[in-house]
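Each of the two complexes below includes chain A, the first together with chain B, the second together with chain C.
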Partner chain A sequence: MGKDLIQKSLKDSLFTGIIALALFGPIVGLRTVAKNEVLVVEPKWFVVLLIVIFCAVGRFFINLYTFRKEQRRGEQSSFGKAVSNFLDEKGAQIAIAAIAFSIIFPFMPFADRYWMDIAIMMMTYIMLGWGLNIVIGLAGLLDLGYVAFYAVGAYSYALFAIHFGWSFWICLPIAGLFAGMFGILLGFPVLRLRGDYLAIVTLAFGEMIRILLLNWYELTKGPDGLTGIPRPSFFGLPFKRYPDEGVETFHTFFGLEYDPMQRIIFLYYLILILALITNAFTIKIRRLPVGRAWEALREDEIACKSLGVNPRNTKLTAFAVGAMFGGFAGSFFATRQAFISPESFTFIESAIIVAIVVLGGMGSQTGVVLSTIFLIGLIEVFRDFESYRMVAFGGAMVLIMVFRPRGILAKRKPTIMMGKHG
Partner chain B sequence: MSNNLLDVQNLTMKFGGLIAIDDLSFSAKKDHITSIIGPNGAGKTTVFNCLTGFYKATAGSMYLNKDNNKMDLKKFSDFRVAQKAGVARTFQNIRLFPQMSVLENMMVAQHNKLMVASGFSILGLVNSKSYLQKEKEAVEISKYWLDIIGLTNRADDNAGDLPYGDQRKLEIVRAMCIEPHLLCLDEPAAGLNAKESAELNKLLKFIKNDKKTGILLIEHDMSVVMGISDHVVVLNYGKKIFEGTAKETKNSPEVIEAYLGTED
Partner chain C sequence: MLNISKVETFYGNIQALRGVDVKVNDGEIVALIGSNGAGKSTLLMTISGVNKAATGEILFESKSIANLPPHDIVNLGISQVPEGRRIFSRLTVEDNLRLGASVNEKGKNFDQDSKDVYDLFPVLKDRLSQRGGTLSGGEQQMLAIGRAMMARPRMLLLDEPSLGIAPKLVNQIFASIKNINKEKKVTVFLVEQNAKKALELADRGYVLVNGKISLEGAGKDLLNNPDVQAAYLEGGK
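And now, the complex of A and B:
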């Protein structure tokens, strides 16, 4: 049975690969660009190769898993189920493998500036997704203004760093604290709202913060944005080619050649660490009483009240904690860009983060990673087709919602098991 | 008066022009199962909603005598009635946390105690021994109750996946996890078969006798009411029309006319 199945799947996936090549070859692979007023074709075979491999391998696994399932139980079973079961069984190993891959990623031969930038961007979205997952996924509060906390974090980081010259590691917690305070500030008026109403008010809150940043010129320089945000340093060692007199830099200290990639790699690890902290924190707090109360509140607020759970405090902590991580991510954004303006904090950012959380499967940490790779990857692939980007984005969301209406990974693991205690 | 667990005086609840509860007075004793019966729309659930802080009564008073400490229930709003006064309730339409496991449902019910034990999450985040100990105790309490209703082997399954009868029982023991002084059950026997109904009776008697928890019971099914009630209050159109023992109630002409008579 096994050999036959694999053979069949391989054949099928080969066929899928050919179709993918025929389709994506011309669409993605052959790109026309204007050079010196002449249109020339610029091939992008590497991307095509990636897509083809993706399609073929994906098809192979669909075949393997759905077929095998059918044989075992004699019932129809979906690919998504197979994936989530697989992730369930091998969850710990996959997580370790993914983290290991993330750690060695900057030293991969293909990891040039372009890939590093994408990786940093994805990691930022993963962190934002994990932060918002607390609010939407766990507490069930549909927050469409999450970017506001990202903005508050970025601006408070920038202002403290510029005006007081404090280092990243001092400004970071301050920015998180500020964002958390704004989370509570938003939390209070929306305590009684649920569902659509909550979504509308949070959306408005996000816009209010952006407009405030645009108009409070004395503090935020309005649309001009804040420039000269200090770049991060490696424990006090700056990444500079020509440092000021007598200042040791990262490359002189370690006796290296100066390379701008050093700073990029450092930024990459910085966001990796911040994201992993967010993840570890969420996993841990989910198993604490407050985390369980968040989920209970999502399930049934009235039942919560009847058990003496304070819905107000529970919601506020969810808003505050989620906002705090948004603020941390904002600090990172500010120090990475060295320049921020309200332009970076528009509603579309909130929408993307919400999409990441919802498509990933409400409350699933792994789902956030998968949907970020998928959505941001998609946006990147379509970067050159500016006008089709949002079409592809929307199409992807529709597809996921059709096939996985509850998100890529909808399965939820209990936060405490009798087996381990009883 | 003083040995009553619950004293309700002149309770009135109006919704606009509709008088759902009209000048209702009754009391419940600690070692009693007190049943509130009456036809559909008589105002039974509304009484519970007033007692448990979900509605603010238009007029009247409600006192709970907790260890010789007289508490005015009107002073507590929604969740504080459960948290501070120790009045637990279940719902006519079961309200579990369906996507959470049976054990998690039981743990949420012990939220306030665990919240303090986890140092409002600080101690919990650093894995403090004292918190882990308290968490273990909470699991033990959950297991104790799940053993009683025979659901321990399903502790890690989603509550929403349980059969209907088990969901009813789970909702009751979950309410018991807040260690209430008064347990208010809104039609717990609705939809149960004869066997499940008998098990329910046993569970309620156990709670009354062994846990020394007063029970206030709304019930439609007269056989359940007759089987376990120590005291019966009959409502019709928000008014109390009769009060007495189960036997007296059964033989009361007013009740037969108003309640049993209207049932088809």
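And now, the complex of A and C:
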């Protein structure tokens, strides 16, 4: 740690302080309050000062201990390497342990309604992350509108279940099929696009679906949303305290006391199985020609063409398969909530799912699980501090990017990297 | 076997090929030499369909391929080893080979075909589970050629196989190309900057200058041609 380094870091943190001042000065420092029915500006310079000092000092230490180290930027630290190697070696055992834990989780003494709800929500995001990982991690197509397929799945499930009275197990594949078709629909116009252009179009697609749902009132009831979506049944046995005349329920069939938790536990296992299917499918398809072609396409499109891989079909299948799993997750969401409205499918959902995939380390299935637990858990912990949730979320992302720039469990290099390359 | 006539190719407004005529007969090794930017790679990309010819005709076994997409052209039996190798560096050597075999149902013969590739390049067999990017330049070139051979081509297009490779390995790779041609009966169309090596190997050669063929003839004749010597070979006047 030379004198030169400290000098550089000081200069850099001074600069950071100036930027922080320019940003937070107007945003935080000038606050309008109503006094005697007149709006007056009340300066809060002390808070601004604290923020600026925090930013500058934080930057100084990050500079000293992370950025300017001898190692090449983007190289894994020895600790990161050790973790990666450990996971490589013990990967199978850890996975089995994690699955075993997930299976017994509902019967843990602490697993009350609150914990089960969080677990179900996390599992939904893990499934979405794994689904999107096919598109982003394997095929290398940055999709910022993934929530569209989640929405299509949820709405097609809801509409079929409400209007035709079909059961969950019939509506689920239909919803997946619909979402997959929308995946192809999105795929066609973006075949020639790459990178940032692709991202913009997919982002727009996500918004289009949401606005369509908002405005097609006859079909979707617009902002009112769809209510009374049937709950799933246990192979025909509903989870109800007072069933309709002559209908056997889950608890009477198994001779149990009625307990609302039974339905929650069933939902938990349902999403667990759906998520595990997604994961198993991804692991399997990576070894099949189509999965291999996805990864090859991510690496080098021209080489793919010269080997006779059809890039059009390859991209379309990636979009379709990824979308299908989004659709499955959407069906689950609809049946769990029993109510859906376009509000559940805003861009922030897409952003969270992309963040899960990218922060986990693109292409890493375990990384998706870890970053989901980290990010969704964090959002949950900050539930009581409503207004600070997004701040915490952003802070978490910054921390991961500072300390693990390639994602928690990344093996591939990022497409863009700040700083000098050795 | 391959008949190219009056082909013109553009990149946007820039014309890269200005009416190229090239003929490759069954069983031949034909070399195309020329300086940087003459349009050599463009011609190969145009044959394989990655670039499209604006005008002109490309016949492969009397079938027009000028408007076919690249994967159909590979299916017809033309495989390309692109410039700079372009192997999939984060996939394993085996996956690279499997991708070469992914065209139509030929993947079924993976065991047989990969054995043929290992006979050509024994080093690849020891590296099957290694990532492509960890191979040396020469090994990567071998992998790129082996990958193209997995599609069982009848014609192999090679773009600068000597680029950035140690001289000793260049000799080995050129020997393999000859082997592919003689033993496996694959017609070879080769683009090279290394004019001496290419013309020594080739039955016939073409010289491409500014998007046009300026000279053609038997490989040995071109080697001894004073103009070629002056422009592309060491020791020229």
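Points worth noting:
By our rule, the second predicted complex is superposed on the first by the 333 of 422 C-alpha atoms of A that agree within 3 Å, B and C clash if a C-alpha of one lies under 4 Å from a C-alpha of the other, contacts with A are read in each partner's own complex, and residues count from 1 in each chain.
Just so it is clear, a contact is a pair of C-beta atoms (placed from the backbone, for glycine too) under 8 Å apart; a residue touches a chain by one contact, two chains touch by 3 or more.
Computed from a predicted structure; not experimentally measured.
In the superposition on chain A, A:299 makes contact with both chain B and chain C.
When the two complexes are overlaid on their common chain A, residue A:227 makes contact with neither chain B nor chain C. When the shared chain is aligned, chain B and chain C each come close enough to touch A:289. Residue by residue along chain A, chain B and chain C are tallied for touches, and B comes out ahead.
When the two structures are aligned on the shared chain, A:309 is found in touch with chain B and with chain C. Counting contacts by the rule stated earlier, residues 289, 292-293, 295-296, 299-300, 302-310, 412 of chain A appear in both its interface with chain B and its interface with chain C. Residues 52-54, 78-80, 82-84, 88-91, 95-101, 103-104, 107-109, 111-112, 114-115, 117-118, 120-121, 124-125, 135-136, 139, 142-143, 152, 155-156, 174-175, 177-178 of chain B are the ones that touch chain A when the two sit in their complex.
Every residue of chain A that touches chain B in the complex is listed here, in rising order: 281, 284-285, 288-290, 292-293, 295-296, 299-300, 302-311, 317, 412, 414-419, 421-422.
Touching chain A in their complex are the following residues of chain C: 48-50, 69-71, 73-75, 79-82, 86-91, 95, 98-100, 102-104, 107, 147-148, 151.
Against chain C, the residues of chain A that register as touching in their complex are 289, 292-293, 295-296, 299-300, 302-310, 411-412.
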